[in-house]
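This is the structure I have questions about; it appears just below.
Chain nomenclature is as follows: A, B and C, assigned in order of appearance, with residue numbering initiated at 1 for each chain independently.
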């Protein structure tokens, strides 16, 4: 537990000091929202909030990739794995700590993303339920984080690392985006039954659980040389 | 003893190949001549007898690949890596056929090249994406224990992806407009069932044959590479 | 020398990287308290051997036993007793000296107070708040030594320790080596420097112990 806390603290301190990941994510968000906004234009945004909400989820995933690509970067670039692996710490704790700090980065980026999203796309017209959106974001972040922490280890050995990680991750993001988008979009016009909403939130939680279990079991194989 | 083992492998592939040929011939005959045309969809519905068996075979290949991936992580035996990789590889080939036959079926049945309301097709699309990513991973890591380990880990992650995709596609029906008619009728009569099962058996046997043949080929490749290394004086 | 007295015992140790055998059947026994120098040309396998013994690399074939624990199966049990000084200092450049040591203290389950003691020991007492990146190479190496000694290991694995050290650093190393009760394996290109303290030299060539 102490090791876990120390590792998470290390990631957060490093990010605060080097500002490598989160600012890049924020700039990326702003750029993509601008791009999409201008590409769709006012008249063409007839699909309106529904299209925009769906698009938000795609952007969330793409932004997450920025954080995932930099996960374990320090350990790789400075050979620090030898130090960490030589310590009497269970490998899955390293994975859990990385997933935890990734989750924090994602959540922080979305604190900015949601208001920006509202500003760019939702000012007029109907909007999705914000509490549901936030709950979905937090749950989706957890899924991205647990899977991303594992995949970041996998991709780091490959040749074209920055290209490989998105390729490895995106198939897993598809079901996530499918359900999260459906969930958010449904809250725009109709009032979906609480059961339907819970079912989809439950799916996100199940997704998190399945990949957390797989990550917990498989991470040691990824880091052992 | 070497002779015996080679002969045993040859026999396996030959037996499977023969069985596959027989089953395939039977299946083709049944599909085109035996089974009656579907009442609502007509002759073109017969694509179903190719499409679904191939899809099921793809899932079977994937499961076999995942099982061997888990066994590899357990035993660290490189031959298990090969036995995991080959089914995944065949899965991509069969998977492409699934997508093609699925597309054809959508075209002849409803005039569209891809049926976005089909839960099976869309689930399959996600799995196919995953297969492709597996290959990207495989090609970007140099051969050796690490590639085997990473491939095994990713294959096992895919095991989580299958139920997740099925559930997601079913939940996400809102995005893809629901279509209410069912595809292959409420019941299949006996001749349809028989045709389907024979076709399924044929596809599975074809997969087994290709698996055994490709496995043998890859093993030979490795032996040649090993001998070449020895000849070069163990670099 | 029976193996139950040996701190380190390798038998037929092989480590393969793709096509290349970095270790090709290495046999070695090191008794408790010995200071053994591994000498040999670059690429002989000295670093690979140390990394295997540090439980950072798994052996491909053969046996490696450290303090009675066989690797890789029982690696978890013995990690806390091994100190590894690698080529790289294995510290986060953007963390301070103290932060790096505190992280490793947490990972090794060592009391936080020990960090200050160790900083004194390696001569970084007044540099606790400097980032590792700001340190000179010699000071960073001393930080690395501190990191390796943090958990008071009974087996020390040193990979080219003298390479980056200045004169103060070298005397620190000499003190460390003079301490009793530790088994030390040193890969080095400067065996002469160790002549006072080393028990013996083991030549390593092409992945095994040369005759």
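For this structure, a couple of remarks:
As a working rule, a residue touches a chain if its C-beta (ideal position, glycine included) is under 8 Å from a C-beta of that chain, and two chains touch if they have at least 3 such contacts.
Everything numeric in this text was worked out from a predicted model, so none of it was measured.
Taken together, chain A and chain C share the touching chains B. The interface with the greater count of contacting C-beta pairs, when A-B is set against B-C, is A-B.
The most central chain, judged by the distance from its Cα centroid to the centroid of all protein Cα atoms shown, is A.
Centroid distances from chain B, each centroid being the mean of CA atoms, peak for C. Inter-chain spacing, taken between the CA centroids of chain A and chain C, is 38 Å. Mean C-alpha positions place chain A and chain B at a centre distance of 31 Å. Here the spacing of chain B and chain C, counted between their Cα centres, is 49 Å. Under the contact definition stated at the top, the residues of chain A that touch 2 or more other chains are 224-225.
Of all residues in chain B, only 73, 126, 129-130, 132-133, 136-137, 140-141, 146, 149-150, 152-154, 156-157, 159-161, 163-165, 167-169, 171-175 touch chain A in the complex they form. Those residues of chain B whose C-beta lies close enough to touch chain C in the complex are 142-145, 229, 234-235. Residue ranges on chain A touching chain C, taken from their complex, read 2-3, 5-7, 10, 13-14, 17-18, 74, 78-90, 224-225.
Remark: chain A residues 54, 147, 150-151, 154, 157-160, 164, 167-168, 170-172, 174-176, 178-179, 181-182, 185-186, 199-200, 203, 206-207, 210-211, 214, 218, 221-222, 224-225 touch chain B in the complex.
Contact residues on chain C toward chain B in their complex (touch as defined above): 16-21, 60.
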